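The following block contains the structure, expressed as structure tokens.
Note that the chains are named A, B, C and D in the order they appear, and that numbering of residues resets to 1 at the start of each chain.
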Amino acid sequence: MENSIAWIFIFPLFGSVACAILGISNRKICYPIAVLSMAGSLWAGIETLRQVLSVNDHTVSYLFGGWTLDAYPRGVGIEFHADILGILITLVVLGVGLLVSLYSKLPVEEETPGKEPLFYTLFLLQVTGLAGICLTGDAFNLYVLIEVAALTGYGLIAIGSNRAAAATFNYLILGTIGASLYLLGVGYIYIKTGTLNMVGIHDIIVAEGLADSATMQVAFVLVGVGILIKMAFFPFHAWLPNAYSNAPTTTSCLLAPVVTKVMIYVMIRMVLSVFGVEFSFESTLWTDVLPWLVVVAIVCAAVMALAQREIKRMLSYLIVAEVGYMVGGVWIYNYYGLIGSIFHVISDACMTLCLFLGAGLILRKAKTTHFDGLRGLFTKMPLTMTGFFIGGFSIIGLPPTCGFFSKWYLITGGMVSQRWEYMIVLMFSTMVMVVLFFRMIERIHLAVSESGENLGHGHGDLGLTDQQTRFDEGPLSMLIPLLLASAVVLVVGIYNQEVVSLIEVFLSDFNLPRGEGIK
Amino acid sequence: MKLLSYIPVLVVGVLLLYAAKDFPEWGSPDAPASKSPVSSHFIANTGVDTEVPNMVTAVLADYRGFDTMFETVVVFIAGMAVLAILKNSGRKKLVKREFEVDAEPDLIVTNTVRLLVPVIQIFAFYVLAHGHVSPGGGFQGGVLMGASFILVALSWDLETALIRFPLNWTTILGGLGIFLYAGIGLLSMFLGGEFLDYSELANIFPVSREMARYHAMLGVEIGVGLTVTAIMFSLYANLSTEGRLQRGL
Amino acid sequence: MFEDGTIINELLIERLNYFIYVVLLLIGLHAMIAKKNLIKKLIGMSIFQTAIILFYVSIGVKEGSTIPVYLPEHDPHGSHSVPSDTNETSHFDHGPVILDSSLVKGYANPLPHVLMLTAIVVGVATLGLALALCQRIYQGYGTIEEDELLAKMESREIRSKTLSVQIPKDQKLPKKDELKKEKSRSVSKSKTLSASKPKPKGKK
Amino acid sequence: MGLALFNTFILLLLVVAALLALRVKDLLTASVVFAVYSFLMCLLWAEMGAVDVAFTEATVGAGISTVVLIATIFNLKRKSSD
């Protein structure tokens, strides 16, 4: 279909308006509206992917308002620019949105009673904003969409408890600094190039040789730092753990997998197609500085995760560590590192979704996400725990989950470009995650006292009471999305070659060093 | 600690001043931003493309109409999020505020406002409708309109204003505004163009393609105005009462 | 490089706008980072954003240009603002024409203005949302000073931790209706906790 | 030259207003000073040819923002520690 790019956001946009208006009289109607519009949007996304793959140069550009490129100069209208990478990430966002909206029925009714219409309005607009960020081809439009996603995020988090409100305030301040720095950076680009269109900016940088211009260098720093703040990279990560661990279940399920990943996608987009490979990697100092920051980031985040005694909080710190992986994969400046980075964006979204959906179910049944409340949950809810562990194994990087393959490419990249510190730190954090998850597995399978002592008596005796082992799964509307998500983790892992070949098609346009040998 | 907070500030400052010496000359027509084809196209061709004399309105509502749609969505989000944050949150009993004055609505104030409000509202309509020719447009008109209701709330009390503009209406109107904006875009998509390609509306209305853009821009601005009016009032109503909607300022 | 007199000279005299925008931006940024009061932080945030807007508007300035609204002689509908003596048809005797490049210099660049309209609206939306958050924080913790807030959150966290450990011990396999009851009970518990707690900070 | 002088004057006043708005301990005063700041900014932009932006800032920045700020401050504490 010709207009399928537009349909991607038309569905959730109209859906959110319908939720807001119709929800006043009947708040039961919001859930079906949300699910339907997410499904429609996902369908449009798949349609667009087919469209992108069928074109020769694998990009589809869509100009709003009919300001076509042949009749008007580039940049007069706003362009949506879908290449393979953009549409892949969009599909991830939409898929996560669909699964979470399916999952959301019970948690939303119970955690925020009476606010369902508002919740679903914000939810759909959040997805609209994130999908728009992935597709837009206009630097200023990107700012507006970032703010759409950010404001809905603040609302979705603060809809819960007072603690969540306090955490959101810090998120808001840091988020505004990040977005404003990005806006300032766009201003610096604009003052030098006179255009806001991403392709146009790249053309002018190449044509006029602006790589050495002080303004462009500063613009690059401002845009980069703005995006790093938004993605909770290490020194700026303070907002993330508080905000995500205090948010309502559905909110954290939606925000945690996609928001940081979408911002990493924006960074890759800025580096590769706006500023250009030569500018970003060769005329700035970032390739020297950032990998070392990444090392610090991963170590700190992993250690902090180790210190947490609560699932959601621990997972939030894991996200910070994963952000470190992906940023590192980009800035080691290597073909394989970049493949790993992009693949990890996709797989990390899937596995984080798995873990947070699982954590939501645990919270519902065990009434707590504290480690001590996990006692013997496996015999009680085996399906939930299987889904949860698949996500966990993927984060550790066990084959055949997708986490293994993306980490493999990251390590290959580190090896080829001889960034040993990056490789070592990847290994270190893998070890930390092994410890984390096996500590949890122990608690989930056995009865372990608070001091960590096994309460069972010998082989085969788990030390659990009958009540604790009675089969008691969560409701199907929450269980099915979790199982679907874990299935996706496995499927993406098994079909990793197909995904990687798509990414390779995208990266073939850019001149990246491949190193020798290994493949 | 106090000193520590100066470090990022200083770093940013040095960075920004470092770039300032590289900027093109102040106010020069030959600066890249001023002589770029995009900017010259806006100045030279707005009249031909859309027949709108105010270039800012044309760029806002037509050339970059997609931005403006999401800008309206941002306003809508703010309204919804404030409702979501404050609804049913607060202390149920009314706590006496630090500086509370219990007074009847003042006679002089209410009578002045009674005279003033219609004038403000007519001016709001003028600003909205005349935005094609003079500075103004949907946002400014909408804010003025919202301000007139806030004025009612300030001079009588919030209940009086809420009788005239109930809170459910603000949600409905806010939604309708976006619906109108995106609906015009969708309609033009169904007529064969891209999303927001207003010129396709000439197929169903008896006007030229340029004038179709002209008139569609008015429709779009009305949508923006509706949303902004509703949300500005809703913001005030919620914030002044901590979401309880009784006893405003 | 800033010791060089000419650069400072240039910054202060010729590019005062750029200089002042940096100063305002830094004032705002510092307030956002260092001020303790949440409302002060928000005022700083607004100053920060308006500084950026000032920068953008400065880009759009052209020496000797007028505002980006067509003068009567370029108006697509003929002379709009100047009433003409001639009859109705004369309104359309010059249709819209493409301006040539010498005339283009006479108008300020409209694009930055449009962008900044959007930025202002985004700014006020953020401000409204943040103020709502402040009220919610005040309801929950009775303060809008950051350090007091952190202290209170910490003490409350310790209390909730001891609570959350106790809950799983008396597990009763909650059924659906029991679940609701438990929820309301825990809500009322927390309420009594917060109500019974004296409010000492108000007097200080 | 006259305009340049006007410009300079307003720019300096802007800095003063910004500093003042952040220094006063009374939040009500601070928000009123902030309204003054917004209005000065609006004057400056009008002078620089950005009439639409100035109009929006006058209604949104000096108008709605201030009203909303004051409405909030009345529900919170009026004194600030810094």
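Operating definition for what follows: a residue touches a chain if its C-beta (ideal position, glycine included) is under 8 Å from a C-beta of that chain, and two chains touch if they have at least 3 such contacts.
This structure is a prediction, so every number in the text was calculated from the model and none was measured.
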Central subunit by CA centre of mass proxy: C
Separation of mean Cα positions, chain B and chain A [Å, integer]: 31
Chain B and chain C, separation of their C-alpha mean positions in angstrom: 14
Distance from chain C to chain A - Cα centre to Cα centre, in angstrom: 25
Distance between the centres, which are taken as Cα means, of chain D and chain B, whole angstrom: 19
Per-residue multi-chain contacts in chain D, two or more chains: 51-52, 56, 60, 64, 68, 72, 75, 77
Multi-partner residues of chain C (each touching 2 or more other chains): 17, 25, 29, 58-62, 65, 67-69, 111-115, 117-118, 121-122, 124-126, 128-129, 131-136, 139
Shared interface positions of chain B, touching two or more other chains: 16, 18, 21, 23, 31, 33-34, 38-39, 42, 54, 56, 60, 64, 67, 71, 74, 77-78, 81, 85, 89, 135, 139, 235, 239, 242
Which chain pairs touch, all of them: A-B, A-C, B-C, B-D, C-D
Contacting residues of chain D [partner chain B, same complex]: 51-52, 54-56, 59-60, 63-64, 67-68, 70-72, 74-75, 77-78
List of chain B residues in touch with chain D within their complex: 54, 56-57, 60, 97-99, 135-137, 139-140, 143-144, 146-147, 150, 232, 235-236, 239-242, 248-249
Contacting residues of chain D [partner chain C, same complex]: 7-8, 11-12, 14-15, 18-19, 21-22, 27, 30-31, 34, 37-38, 41, 44-45, 48-53, 56-57, 60-61, 64-65, 68-69, 72-73, 75-77, 80-82
Chain C to chain B touching residues, read off their complex: 1-2, 7, 10-11, 14-15, 17-19, 22, 25-26, 29-30, 33-34, 58-63, 65, 67-70, 74-77, 80-81, 96-101, 103-105, 107, 109-115, 117-118, 121-122, 124-126, 128-129, 131-133, 135-136, 139
Interfacial residue positions of chain C with respect to chain D in the complex: 16-17, 20, 23-24, 27-28, 31, 35-37, 39-40, 42-44, 46-47, 50, 53-54, 57-58, 60-62, 65-69, 108, 112-114, 116-117, 120-121, 123-124, 127-128, 131, 134-135, 138, 143-145
